[in-house]
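Before anything else, here is the set of structures, which you'll find just below.
One chain, chain A, links the two complexes that follow: it is found with chain B in the first and with chain C in the second.
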Partner chain A sequence: METSTISAREEAKQLKKARRSETWRRIKKNKLIYLMILPGLIYFLIYKYLPMYGLIISFQDYKPYKGIMGSEWVGFEHFQRLFTSDEFWMIFKNTLMLFGLQVFVFFPIPIILSLMLNEVRHSFFKRSVQTLVYIPHFMSWVVIVSISYVMLTLDGGIVNAIIESLGMQPINFLLNEEWFRPMYILQVIWREAGWGTIIFLAAITAVDPSLYEAARMDGANRFRQMWHITLPAIRSVIIVLLILKIGDVLELGFEHVYLLLNSSNRSVAEIFDTYVYVAGLQQGQFSYSTAVGFFKGIVGLIMVIFANWLAKKFNEEGIY
Partner chain B sequence: MSNSNWRKLLGIMMLMFLLFVAACSDNSSETGGTDSSGEEGESSGEESGGDEPYAFSIMANLHTPEVPQDKVLNKIEEATNTDLEIQWVPDNNYEDRLNTAFATNSLPEAVFLKNQTTFVQFRDAIEDEQFWEIGPYLDEFENLSKLKENVLDNTMVNGKLYTLYQGRPLSRQGIIYRKDWAENLGLEAPKTTEEFMEMARAFTEDDPDGNGENDTFGVTDRSDLVYGAFKTVSSWFGTPNSWGEKDGQLLPEFMFDEYVQTMDFFKEMHGNGFINQDFPVTSKTDQQEFIKNGTAGIYVGSMGDVLSLKDDAIAINPDATFDVHNYVEGPDGEFGIWSIPGYGNLVMFPKSSVETEEDLKKILGFFDKMMSPEVANYAYWGMEGEHYELVDGAAKVTDDSALFDREVKPFQALEIGEPETNSRYLGYFEYEPKAKSEELFIDNENYLIEDPTVPLYSETFSQDGARLQQIITDATYQYILGQIDKAGFEAAVEDWKSQGGDAIIEEYNSSK
Partner chain C sequence: MAKLKRVSAGSRVFDFFNYFLLALIAIITILPFIHVVGSSFATSAEIARTKFLLFPTEFSLNAYEYIFSTDTIFRALGISIIITVGGTLWSMLFSTLTAYGLSRKDLVGRRAINFMIVFTLLFNGGMIPTFLVVQQTGLLNSLWALIVPVTINAFNMIILRSFFMNIPESLEESAKIDGANDFSILFRIVLPISLPAIATISLFYAVTYWNTYMHAILYLSDADKWPVQVLLRQIVVLASGMNYDSAAFTDTPPPETTIKMATIVVATVPVLLVYPFLQKYFAKGAVLGSVKG
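The block that comes next holds the complex of A and B.
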């Protein structure tokens, strides 16, 4: 009896082994390489996948003292509340608008900037400009927004002083919904455009110089060279970065928007991140704000899949 | 890359790693150092009676830019035989940290709440018995039992007491203005809202500093409808304090005509340039800067601020003089001023961290000692001779007020009760307007407008009140800036009502 079960077990094991042997053989052969992935895998499991467990509370009426196990289940109540609230479409629209600005206005700027830098012959000049444009990246949003505030305020700001000295009416930049979006994207460009050039410049240096030589032989001017050689050469880099950018769709810089938000521009400036912060952390509605964040995450996922699909349509590599 | 380049890169990375490690270890040795000095203070203490000092943590509001040094803390620990760990949280983002700590079940043994709004938010958890009910224990403690009955009543939940309170004068609101400017223009302190408007106009248009340039304005305000100028001015107009009674029903302040009158008043000031044009986005620092650097002449808020405003202003302009004033009549010929419910902050004791009744009694024992004159003075004034000296039985902060701010001021956030109950010294102020402001706090008590909803409860308000209030705050600013008209404001009020305001009105009136 005993021996027969053991042999049956052994048999099953053998079978499985046979099926997996191919995979195992490969893993064994390259075990050191696989071992090197391990820290990364563990990192993702612990810090990225494990916390997703907390998403459960968006389906509960979560009370911290009762814990996840003890809180009452409410199904989709919080999602219902979100989708039926007056603010939902406003926030959704604002988020997409800022996202659109990021992709269509901001995204091309580092590319243009790096193409321009690439044409600069004088290496010292090129390097100093490059350094100068990426320094703002190291300033925090608080600093950027404060500097803008000091320059744009009506109470002694320099910009309005200039406007007035030209005989025009001062403009209330800070308390005006029309100025919020331009201000937002200009600050993003100010802070991030230089930093964004780094990867493009690196990609450009990898272009084979003989291609340019050949083009010059054929009589191509600098603009032609840029259009027919540089741009196609860095196309895949551009596409990968674009997909990553779209994946960040709803990461519009919470800190930045929150600092710019005020009573007069809330109707255009409230986005998911600021809404989650106020509802969740300041007002303690944990379940509801988790539901909002969850929804935001799903939208982000859909956008990445869409962008990747689009990239493949155009015969590009995509990110997976 | 060549081999030597790789080596260089590796070298740099190693160096950075070493720096990182060094930075970490340095940090830990520093905290170790302060700990040991704390123990030294302990061993030299007299009346510790051989008992082990009781160790626990407190989460408290930090009102200064920096965490204080341990000097005063050591004194407090010595006198109370405790080993305290104070988690200082900047007051600006206290709510987030409080909610985060609560959500992750990591609240310390004693938790300060910040204000009435956060207290209302925690009501749900309090009803669920997540915090120790302390009412029954108070009588066992000599000092805690002195706490004022009527203030304790304001902090009860379903008739039970869960918190100790930190006392505050009922109303510190009033005007601080440039006395020299007023004298230049032959103006008196404003006694009516009309005179207030006139002063704001004259300070803007009549060149009060006499430099021949149009470089001044009247009122400096900030992005705060409550502790900024708005609520105080609304009191002059006779607006109720948050909620008021109309035709036998409790209604929020913004449904009263007086609130709209106040908005019109601000709209007039804003339209004429008598107030800083960007006040809805101005920080407290910037607001005060305008009065310190001689750009603005009127500050509406806590009159006690006059001392720090003056100190900084005379550094720029030694001739600047200030005065304080409280009594301003509205159009109906009456003066009123809104009041707080007698407490500034509250401290609670979570059951998740205070596990036994014995621990609770030890912690309450600490706060009991905090209310003894000796310890209360350490926390409020620091060490005699070093941070303050006694003049006529009152504490006068030494000339080095920066030292006081650095070493003592943060600990004022730990005060329990008020001078009447904890017998700490009152302040002695050489600066006359500051002394006058203390008198005006008491004068204000004759004209208080109280918030009738303090002892009442509305579930909707507790859950959604803050978000709903945002609708009204936004609409108020937009009305003042001329971005919406009366109809637009009324639409916002309707919005407030339909999103939950009706339920709040209903719940408050039925719990009356």
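The block that comes next holds the complex of A and C.
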């Protein structure tokens, strides 16, 4: 009895040793591969992980000349200041509103557009439409906002010229609080709706054509075919993209919003990102603005974990 | 052919509306660009006269002559070209190396490294801590600040990685038997057969670098280092005194409409020139990566 346990233990030890040396062998065999990855790894450590470490300045009274080591600790003071400030709720609401527009207004549009494109049988027509609607995606936000600007300005813009020729009062879209949100989401749709179809169209090509044939036999019209065959087939892609969108909850595009922001529409246009920029880099409140950014990042992370959990709950794949 | 004859009336009505709407969407998408290009070649007088200008009747290069009369725009374009070409090469080098390394299934620690990279998509240090790192690494107010902090885009790296993972291992193994090392396998065998993916990701990087604006306003304080997007912003919007940081520009008179239009065209055209050549590649590439996630 005893000898057998000893030999079993001995065997396990041997096995462990063998496995370890096997691991070593594999690491050594791939040493050039590790060399390839190394620069990339260093990049992520310095420019992605070091800033995460830098988040601790949100608990400090960070002074650039003192550095992270020498600055004074203040606990949750900056977070307290954020949550009790009058502007917090304004910014929170603005951020939430733009997020809502992204999810409820923008998100369905590429899906509808790709369903429409999928019904096109003339491949030349289909390709031409695709080529044209992808173009704005490659324009910078500066270009998108600049084009909107020259078209919407009161000073000879084409849109106000049309409005006036219809006998109505011109509208100062660029400085108007009520027009900020429509303008924001229309620009997002203009730039991204076409590009957003790519992934859905790819998912649609995987649908078995015989399903449509069968549905036609049963007398299903084109709308019913879309609803009962195409849409269910791309369901999992839709869910994955929705999770990613929700994960991006607070990434509404600093550049885009910052370019639209001015003192007249600030009450609806100021979001966390622009607030961080102004408070941090323009006013030099490094610690406070880092706390604002940290809060935003945590909310985003919680949202993506929640969305992923929800997807799994409904037996979908999720993103991790 | 027999199938086509059975198309019902309802189906035909559906097709008509579908084609009509899609054509309309495509036209609306592109109309603003035509308006801007058309206006940039118009005379100021015609702009004032015709409000809904698409194609000018009098062709004029005045606006372009004006913006190219000083070296401001040349310098900005030059800087944009430098960071676009240099940045794309730099990013592609490190993205390809990392992606290929992580595509090797027998790599110990691969999962951990993958997770480490994907996590940066879900959470990051944010603007201010990143700014401080850029400052600490001595990049502030140098053109490197527009390139080094964005060396690898995790999404692009993942697309490349999934592409490399689909290459049959037998190709690499036979090269190994012939005594090739990992670097020569990557550069002599893997890259030549991955050209569609390489072209796609290069385009993505090039467009990002050409369009860079935020990093320029964050990290560059000298106006003579501004890329073309920042200059465009100054000319179109700030000159009219509408934005937060317009105070510095109040003494500049607002430029004429045609000049604004011409600057937009100059900042846009390079992207549109490469677009048709790469268009056939990128649909494939973009799909590949996003599906695999």
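In the analysis below, the second predicted complex is superposed on the first by the 270 of 320 C-alpha atoms of A that agree within 3 Å, B and C clash if a C-alpha of one lies under 4 Å from a C-alpha of the other, contacts with A are read in each partner's own complex, and residues count from 1 in each chain.
We take it that a residue touches a chain if its C-beta (ideal position, glycine included) is under 8 Å from a C-beta of that chain, and two chains touch if they have at least 3 such contacts.
Keep in mind the model is a prediction, meaning the values are calculated, not measured.
By the touch criterion stated above, A:M97 is placed in contact with neither chain B nor chain C. In the superposed pair of complexes, A:D86 makes contact with chain B only, with no contact to chain C. Greater residue coverage of chain A by touch, when chain B is weighed against chain C, goes to C.
Of the two partner chains, chain C is the only one that A:M139 touches; chain B does not reach it. Touch criterion not met for A:V74: it reaches neither chain B nor chain C. Judged by the touch definition given at the top, the superposed model places A:Y65 against chain B, while chain C stays out of reach.
When the shared chain is aligned, no partner comes close enough to touch A:V299: not chain B, not chain C.
In the superposed model, A:D273 makes contact with chain C only, not with chain B. By the touch criterion defined above, A:N172 lies against chain B but remains apart from chain C after alignment on the C-alpha atoms of chain A. Overlap of the chain B and chain C interfaces on chain A: residues 149, 153, 155-156, 174-175, 262-263, 277-278, 280-282, 286.
Against chain A, in their complex, chain C makes its touches with residues 8, 10-11, 14-15, 18-19, 21-23, 25-27, 29-30, 32-33, 35-36, 39, 47-48, 51-53, 94-95, 97-98, 100-102, 104, 106-108, 113, 116-118, 120, 122-134, 137, 148-152, 157, 181-183, 186, 207, 210-214, 218, 229-230, 232-233, 236-237, 240, 242-245, 254, 257, 260-261, 264, 267-268, 271-272, 275-276, 279, 283, 286-287, 290-291, 293.
Listed in rising order, the residues of chain A touching chain C in the complex are 23, 26-27, 29-30, 32-34, 36-37, 39-41, 43-44, 46-55, 57, 113, 116-117, 119-120, 125, 128-136, 138-143, 145-151, 153, 155-156, 158, 161-162, 165, 174-175, 190, 194, 198-199, 202-203, 221-223, 237, 240, 247, 254-255, 258-259, 261-263, 273, 276-278, 280-282, 286, 289-290, 293-294, 296-297, 300-301, 304, 319-320. Against chain A, the residues of chain B that register as touching in their complex are 95-96, 99-100, 102-105, 121, 124-125, 128, 130, 217, 223, 276-278, 280-282, 290, 295, 352, 463-464, 466-467, 470, 473-474, 476-478, 481, 483, 495, 499. Touching chain B in their complex are the following residues of chain A: 63-65, 67, 86, 149, 153-156, 172, 174-175, 262-264, 266, 277-286.
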